[in-house]
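Listed after this line are the structures, all set down as structure tokens.
You will see two complexes here that share chain A, one where it goes with chain B and one where it goes with chain C.
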Partner chain A sequence: MRYVKILLLNLQQVFEQRARSFVWFLLSLFGPLLMVLFWRGASTTISFSLISSYYFLLVIGGSLLMSHSEEDISLIDIQEGHLGNYLLKPFMYFFAKWTEEIPYRLLQGSFGILTLFIFVLFVHINISINFPKVLNIFIAIFLVIGGIILAQIYKTCLGFIAFWMTDAYGVFQLSDMLIFVFGGYIVPLFLFPHTVEMISYLIPFSYMIYFPVAAFVGLFNTQQLLLILLGQIVWISIFSLFYKMLLRNGLKAFTGVGQ
Partner chain B sequence: MKYLRIYWAIIKINTTLLFTYRANFYNAVIITTGWGIISIVSIFLLTAKTKSVYGWSRDELYLLTGLYSIVIGLFHMFFSSSLERFARTISLGNLDSYLLSPIDVQLFLSTKFFRPVSSLRLIIAIAFTMYIMHSMNIELSILNLTTFCLYILLGVILLYSIWFLTITLTIWNPNLSNLVEFLYNFSNLARYPPALLLYTKNLIVFLFIPLTLITSVPARLITGKVEPIETIGLVVFSFGLFILSRLFWKYALRHYTSASS
Partner chain C sequence: MSVISVKNLVKEYTVYKKEPGFLGSLKSLVARKYEKVKAVENISFEIEEGELIGFIGPNGAGKTTTLKCLSGLLYPTSGEVKVLGYTPFDRKTKFLKSIALVMGQKNQLWWDLPAMETFLLNKEIYEIPTNKFNEVVGDLSKLLEVEEQLKVQVRKLSLGQRMKMELIAALLHNPKVLFLDEPTIGLDVVMQQNLREFVGEYNRKYKATILLTSHYMGDVEALCKRVIIINHGKILFDGMLSELVKKHAPYKVISIVLNNMPNPKFLEDLGEIEKFKYPELVIKVPRESASEAASKILSRLPVEDVNIENPSVEDIIRDVFSAQKAE
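For the complex of A and B:
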């Protein structure tokens, strides 16, 4: 219950800066929209309906699923010493940060859903959400939840790098590059050359954005969806272990600075 | 002459800064090279299963990407670092000290930081563009090369004007510092043919067409397809938007209320 209260307080703060959130949302919107226009004029055998559905759902996926906690954790909590405040409170650090991030995701995700409705109603775009079985809907919803959790744990671990590095900006940029390519922001991963496609299925980035979005487009059957869910659980477990290890060792290197 | 001396000092300071911290230097090299490569790889991925897009062949699209990387490389080298800090300067009330300095404020704010590491991206872009031109059997005469360089310069001016016009808005709302992040993303539009926007038949979308002229006009010059109207468009938009950005800046300054704005 106390986490819900914190979540509501954070939600209030996020709404205070809704214009800023809207600009962040525009960032998630612009890339996929450009891709839709690009594919509209492309002479190709790939179904435009499939491609446009993918990119439009990516707008929601990008704004709802992808956490951006790493800079906050590294710059404010670790470098400026605010981590000390969290350590003294009776909350788990991970959940405290998550309750700060969720309101941003909810607001930007709702911008995404609203935009999708506007496009469907006024621009008459055709979005095909394809579920041959009811079970697939539930698995896809679990994949979305799994994607949110995985992205948050991954970004938290990434932020912890600041325990050992003075300037982690380069690492963050490197991570952004990998997410951009293997998260399916450029093209859906099934359009990659076969070997690269196989590699992208083995690394965590595709489980954060690509698979949850592609599941709604209907690119996978039930068996494949279950395998993806299993992969997601494996990556969440691996990063949970990393999280514990990094926090434990990082705290030994951390020096809180007070006034 | 005074401005050249100041800019030379800025270049020297920023170059020294880059090499002062070795880890930062490696970081900067990796980031710049990485984004430069991704920009090229992404067009390969996008065109892997397409023959043409809006009448532009695969090679022409590669050429657009190469030219875009040249323009963006130049822009990042000379302007983007300074413009990135613009919103913070305003929200902290630091603009006051700029306003009191005996040089042009817009120029100083736009060029205070120089990013030498972007030359790597520029080198990658030039090498890639030359490779594509070679594979398309394109040879440039000295006159064409000069015109081409002039078009690239106009492209940088156009991009700068759009960026400056947009971030001037932070004078009214300094919280919108993330507008710069959006502009980084928005500039990507210059990588694609103008037909991409014309297709939408939407008046609001048409407003973005100047951005696509940045690379499409030099690309069409190289391939020998450029129309006079496109050249005129690039010149008019570059100078027109530059003047507009200047006027808008002067207007915005009247609303700047120092640290409490």
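For the complex of A and C:
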């Protein structure tokens, strides 16, 4: 209940910045829309319905799942010293940042769902969500939750780089690039050459957005979905350990600005 | 048992130093020069429950670093720090629920929402029961005269009102130990006075231990019996404010407004002339002979006005720093 109340209070703050949130959403919408247009004109054996479903769900998935906490953590919290406000409170830093981030995700995810409805109703885009078994629905929901957790832990760890680097912006851009490629923003990962596809399944980026979205489109059977869920749990565990290690050592280097 | 105990605290920072100019930038691409700076150098002190202590020093003296070490924000390079029996850097929940750090230059309030929303957030974070929360917010907002502003967007508040809201946000959980870092910075004299009264009242009412840093000696004089003076990371004085005056100012200041130009020789015999711009004259005389000097002045000089006073704390502290520099 305590966490829900904190989340609701943070939601109020996000509502005050709804215009900014909408513009951010629009920016994330253009890439996938462009890809849908591209595929519409492309001659391919893959059905357009599958491709449009994939990209529209990617818009919702990207808005709902992908945290952008790293800049706040590095620039405002660590370099400007606002981390002190969090450290002085009896509330875990990770949850504090997460309860600040989730309202943005919920708001932008809602914009994504609204956009999907607009396109289905007025542009008559055919969206197919495919679950051959009921169990797959539950696994897909768990993959969404896992994706949110993994993205948040990963981005928090990324932000912690600022404990040691004055300018971490280059690292953030490199990370965005990797997420763009291996998170399935360009094309669904099964369209990559086999080796690249295999590599993308071994690194964490595909577990943040691609797999949860692909699960809803119906690209995997139950056995594959369970394996993906296992991979996601492994990555969450690995990044949780990283989080602890980075925070413990980072705080020893933290100067809190102004001596 | 002391509420705060600091033994041989040292805090070092690594600072990157760059030679000026383009060549310096090129050099720093290949080999960066880092230097260790000691912000706090082997300081020790103890503070008892309910004490309100002034922590004084110029910019960069190490005041804020010490407060940050005491509140668990910074990890000490060496030494031992205990606050309420806890090691601050462990940041145990019970410890965090017993302390607060208010920094005049930092804020925790949500900018786009009324301060009340931040208070509600802190209520959940500190797990404050609703009855107690309502009582504390009611009491503190009344005491600080900001009841009408509780529902106003923070960005619309004046600096003074914001500082008061910051204080309420920091005190909601009724901390036993309060670290105040320049709480009156940027405030006008009326607002400074209000905040001083409030801090004094909080200290008396809740027997809270308060460590206050301020550049305004008025804050320290009005609130603190004991002061700790720090400069270049070292403690120069730790004791009662009255002792500081006695030890570092063995003189009184006599300010005179003259009617006629006096004999310079006579003035020199009285004491050290600090300022003489006819008709105003300021002389420093030894504390024990102040009344004798005053009577001499009144009997031998044509004066319009005479005033005998202790030197200001600000002057005394300036003398302490100058003496350290000379060493």
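A few notes on this one:
Note that the second predicted complex is superposed on the first by the 257 of 259 C-alpha atoms of A that agree within 3 Å, B and C clash if a C-alpha of one lies under 4 Å from a C-alpha of the other, contacts with A are read in each partner's own complex, and residues count from 1 in each chain.
Definition applied: a contact is a pair of C-beta atoms (placed from the backbone, for glycine too) under 8 Å apart; a residue touches a chain by one contact, two chains touch by 3 or more.
In this text, all values refer to a predicted model and were calculated from it rather than measured experimentally.
Contact with chain C, but none with chain B, is seen for A:His82 once the two complexes are overlaid on the shared chain. Of the two partner chains placed by superposition, A:Gln223 touches none, neither chain B nor chain C.
In the superposition on chain A, A:Gln17 makes contact with both chain B and chain C.
In the superposition on chain A, A:Gly170 makes contact with chain B only, not with chain C.
By the document's definition of touching, of the two partners only chain B reaches A:Phe30; chain C does not.
In the superposition on chain A, contact of A:Thr195 is made with neither chain B nor chain C. When both complexes are overlaid on chain A, the residue A:Ile6 reaches chain C alone and has no touch with chain B. A simple residue count on chain A separates chain B from chain C, and the partner touching more is B.
Of the two partner chains, chain B is the only one that A:Gly41 touches; chain C does not reach it. Judged by the document's definition of touching, chain A residues 17 lie at the interface with chain B and also at the interface with chain C. Looking at the complex, you find that chain A touches chain C at residues 2, 5-6, 9-10, 12-13, 16-17, 81-82, 84-85, 87-91, 251-252, 254-256, 258-259. Chain A makes touch with chain B in their complex at residues 17, 19-20, 23-24, 26-27, 30-31, 34-35, 37-38, 40-46, 165-167, 169-171, 173-174, 177, 180-181, 186-187, 191-193. By the touch rule above, chain B contacts chain A in their complex via residues 21, 23-24, 26-28, 30-31, 34-35, 38, 41-42, 45-46, 48-54, 173, 175-176, 178-179, 181-182, 185-186, 188-189, 192-193, 195-197, 199-200.
On the chain C side of its complex with chain A, the touching residues are 13, 37, 39, 60, 62, 64-65, 68, 71-75, 89, 91, 93, 96-97, 99-101, 103, 105-106, 108, 110, 112-113, 117, 120-122, 124-127.
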